Amino acid sequence: MLPFLLLLLLLPSSSTALDFCVGDITAPQTPSGYHCKSPTKVTVNDFIFNGFEKPGNTTNIIKAAVSPAFAAQFPGLNGLGISLARLDLAAGGVVPLHTHPSANEVLLIVQGSILAGFISSSNSVYYKTLYKGDVMVFPQGLLHFQINAGGIPSVAYASFSSSDPGLQITSISLFGSSLPSKIIEVTTFLDHAQVKKLKAVLGGVN
Amino acid sequence: MLPFLLLLLLLPSSSTALDFCVGDITAPQTPSGYHCKSPTKVTVNDFIFNGFEKPGNTTNIIKAAVSPAFAAQFPGLNGLGISLARLDLAAGGVVPLHTHPSANEVLLIVQGSILAGFISSSNSVYYKTLYKGDVMVFPQGLLHFQINAGGIPSVAYASFSSSDPGLQITSISLFGSSLPSKIIEVTTFLDHAQVKKLKAVLGGVN
Amino acid sequence: MLPFLLLLLLLPSSSTALDFCVGDITAPQTPSGYHCKSPTKVTVNDFIFNGFEKPGNTTNIIKAAVSPAFAAQFPGLNGLGISLARLDLAAGGVVPLHTHPSANEVLLIVQGSILAGFISSSNSVYYKTLYKGDVMVFPQGLLHFQINAGGIPSVAYASFSSSDPGLQITSISLFGSSLPSKIIEVTTFLDHAQVKKLKAVLGGVN
Amino acid sequence: MLPFLLLLLLLPSSSTALDFCVGDITAPQTPSGYHCKSPTKVTVNDFIFNGFEKPGNTTNIIKAAVSPAFAAQFPGLNGLGISLARLDLAAGGVVPLHTHPSANEVLLIVQGSILAGFISSSNSVYYKTLYKGDVMVFPQGLLHFQINAGGIPSVAYASFSSSDPGLQITSISLFGSSLPSKIIEVTTFLDHAQVKKLKAVLGGVN
Amino acid sequence: MLPFLLLLLLLPSSSTALDFCVGDITAPQTPSGYHCKSPTKVTVNDFIFNGFEKPGNTTNIIKAAVSPAFAAQFPGLNGLGISLARLDLAAGGVVPLHTHPSANEVLLIVQGSILAGFISSSNSVYYKTLYKGDVMVFPQGLLHFQINAGGIPSVAYASFSSSDPGLQITSISLFGSSLPSKIIEVTTFLDHAQVKKLKAVLGGVN
Amino acid sequence: MLPFLLLLLLLPSSSTALDFCVGDITAPQTPSGYHCKSPTKVTVNDFIFNGFEKPGNTTNIIKAAVSPAFAAQFPGLNGLGISLARLDLAAGGVVPLHTHPSANEVLLIVQGSILAGFISSSNSVYYKTLYKGDVMVFPQGLLHFQINAGGIPSVAYASFSSSDPGLQITSISLFGSSLPSKIIEVTTFLDHAQVKKLKAVLGGVN
């Protein structure tokens, strides 16, 4: 007697359903994300990410580290419209003004305190000091920042409404890229000396 | 004189439009579905599905058959956000409690009568006996069921808001899979004996 | 002892989840559909549609009837991205050339036979005679038609990938509207006499 | 001299942009979410949620608590396609088998250890013990669970790809609702005695 | 001292973000568009289209030209949900009645004057003469047309809410395709002589 | 004889289709846009925008004007995922560095020449001088700019993949808002004197 096999006749093709699409990060991408790894090769480890166990390295000029678990680092998220990042801010640490070009962000403080805020399209400013357990939302594409608000290391986790949210840090885009100083100056109203000074610090050329 | 050719000059590239994307089910998938078969190889038969002509085989323990016309069976649906399935319920037949993880369902009765219902997130229960010509909607991801309500075979057609809606039958997922009995018991409150009994029937291991 | 109430503490707010949004068709619409009827007023009948029990009335010049179960007729579909219609074709019946501006269609034949087809953007033509149990897909926005292919009444059900798919019958739009004859002629290449003749039949003015 | 006002002439209407749509949870919903609170009444506190500061109350039969920050609790998330929940599991605590009908979930362990897993449409089972800093993804609509895996309280945060993900706990839907026992038995293969026993515990009627 | 390199440690993988997906038009398509060209091979020229510099060739029977900048012609638009087309109408020029199966259109007049209009699903007709600087919107999938309204050449630019909007010109689909005359006649109410006459002009067969 | 009326029986409810949703900009918004104006009150003028006939006023410090035709100015676009803006750049005119938080942009030059460019998430810079008839695409959320590249006034039209794309000008958000100088300095690396100088020019407080 084989009741199990009989029951299977009910659904001969259910195994083809695309419940998930673990990304094959070695193949070309599509507008909807990476190609799917063959379901037969998927294991539980494809759905698990281990990169948040240790603090990020904050021995840098901003005393901060952002450790992404986006589709490129965590292919199990591919196509699912969600991703995470761990944020470490040493004492004095800052995540400079930045945007995520294609995702809303929700930030959860798990240690310490962080002064966080954003600026809207109509130039309204929303900021506040957040403590452990507080959550703040930063709508898509708007300038925002995080600053350690205490004397001790802070840790927070950001969730994004995209598996590939992007991250554009304004000052690095301006002063750490090849955008010519003359263009920066005329499109930001910054002084020539200021631009040159920051290009020297952040590695910009032209 | 070639007016037709002249007119064609109007739209030199219209033939590239992606009106449809007949799935190439031999290639890797993407989060948006299968790759498109070359338009030059597409024929009218790619847009037609013939698998609903005969009743599904209901000689199984649930006296029911679900015959899918999802993208895997009907590649012409690929990327179009719609699919169908034929449901056959012999006398006494039942489609056990199940969900479609990524699609809303609309069920149309074409023969016989079916007792159908679903349970909402707030645990409200909605069920009724449906007769030939009746239609019922089952919102995405919610538990629902269909039971033959007469003494004769019933036939219904389900339409889904996805070309790959998935199908998860609760009791098969629990008792026909490798999920350990101990985990089942603690996460469902079911008794050990009950779990073991159903695993024996449905083919579950561990 | 109140274990049930204790358990409910687990999820104090689950009852707010928007599992469905039964449309309030008396209120203004939004781009995403009708406002939701209060969940407390929703009953099982909101999820059931009964309009397909009888054949549509085919005693008209096209010997055909299309009976929609779109969000306006079946508010339980509101916002769910799916809808149905029943198609009745008497002997000699025709659904004239038409499009659904915002939905893909899947057509299932349940009685008789129907010659159905569509024309792509690149002017390729796909048509075939469909029999009981056959299914054909018509991609979004493309011109298509259905013609009774036998001497007996045919019945089919169309499923759409929108709860409000729209329906634009080309000849009624042209000859049953107020579009001036002169504009019709110059934008279709049809003769003046032909336009006037059809306007008289289909009720067009100007 | 008023350079600021002159500059404002550049963008007379930028203040109308819908950067965000803080939900007015007192008005009827739409398929895309709540109506937007007037931007002039929005303050920074609309973008902040404070409900995660204290552990949820785990003195219940499952020794677990799920504290949601969905659009109903955190209206600043309205329409943004993302939300959070805090999960507390006392020693022996369990989040019973459940689904989120319209969202993918990513779970981050911040304290203790949790045995978590899901079952796919094709009845493959994926589960593993997660430790502090581990992340696991549960694709939309699939059955999954979380069990405290150590002797100490565990804490985790779930992120969802919807601002209103829903939550359907299988055993509460079955045994804590008004679904008749007879229907439960025939659609799940469970024994009558088992169903009656759990209805008594979980508060189900009929 | 290497502050730039130190700062880069902040974001080891930001370079993988999918800011854009320049289409590789030589590879198979997916439902979401073309595969992405490798970011390392992308140059500024991928984001620029030069095909609108000269008027389209209007020496044809409709005295009109539509020059598309869709994803196939301008791969930088791939996956971005937007595209353009240039429209040239010589004196007496006409863009015949047509639809875009999967896009809304916004038309901007930059030279001359154009009589433009569309017909809704409910057969309401909306048309008006547009002058330089006027903009008109044509909702997705609805029949619309443009006619030069002055004695001089007119130029307009259409923007579409898809990178691959498609274009189906009703009379070419009917009379320039292989759709049999008999089918055309029965599905449009047109006379046999009219159909044959236009097939001769527009190149239709069967 | 009333053939027209008979034919109408075919489609008793087609007039309810939501072909379009002209925005009622006096009512509260939803995440999907404005409520729809009653279809019976819609006229052709709802689909036409006349605000681009005259150049924008460029007598301001940036010698530039952006004239939007977003849903707030052109309610016919509501919910359609597309909008336009006219850009005027006098000699020496500049549109400062900015982003559109929720839209891709395509820019078409219709007069003069413009140096335009954007910076990607990975800090790659793409810029070029565009001439009449050239088109450039700026992917969603990325920093970009436009600078008049000739000695004469330039005119361009931007198309957006949203009916409400938003516009955030970096330097106005920083120096024309209430964001405290101290926060600006620490999140941008700019000098205190530079920040104070620009706040004086652009009207910022705190």
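By written order: A, B, C, D, E and F. Residues from 1 in each chain.
Methods note: a residue touches a chain if its C-beta (ideal position, glycine included) is under 8 Å from a C-beta of that chain, and two chains touch if they have at least 3 such contacts.
Every value quoted in this text rests on a predicted model; they were computed, and no experiment measured them.
Between the contact lists of chain C and chain D, the overlap consists of B, F. In this structure chain A contacts its sequence twin chain E using mostly different residue numbers, the overlap staying below half. Of all chains, the one whose Cα centroid sits at the greatest distance from that of chain C is A. Compared on C-beta pairs in contact, B-E and A-F come out with A-F as the pair having more.
Of the pairs listed in B-D, C-D or A-F, the one whose interface repeats that of D-F, with over half of its contact pairs matching by residue number, is C-D.
If you average the CA atoms of chain D and of chain E, the two centres end up 42 Å from each other.
We define each chain's centre as the mean of its Cα atoms; on that basis chain B and chain C are separated by 21 Å. Centre-to-centre, using mean CA coordinates, chain C is 35 Å away from chain F. In chain B, 14, 16-17, 19, 30-33, 101-102, 117, 120-121, 127, 139-140, 142, 166-167, 172, 176, 201-202 are the positions where the chain touches two or more neighbouring chains simultaneously.
Here the chains touching each other pair up as A-B, A-D, A-E, A-F, B-C, B-D, B-E, C-D, C-E, C-F, D-F, E-F. For chain F in complex with chain A, the residues that touch the partner chain are 94-97, 99-102, 115, 117, 119-121, 123-125, 127, 139-143, 145, 147, 166-168, 170-179, 183-184, 186-191, 194, 197-198, 201-202.
Against chain D, in their complex, chain A makes its touches with residues 14-15, 17, 19-20, 39, 43-45, 47-50, 52-54, 69, 74, 76-77, 80-84, 104-106, 108, 110, 117-118, 120-122, 126-128, 130-140, 142, 157, 159-161. On the side of chain F, the complex with chain C involves touching residues 3-7, 9-11, 13-14, 16-19, 21, 24, 27, 30-36, 38, 78-79. Residues of chain E that touch chain B in their complex: 28-33, 57, 59-62, 64-66, 68, 70, 72-73, 101-102, 164-167, 169, 172, 176, 201-203.
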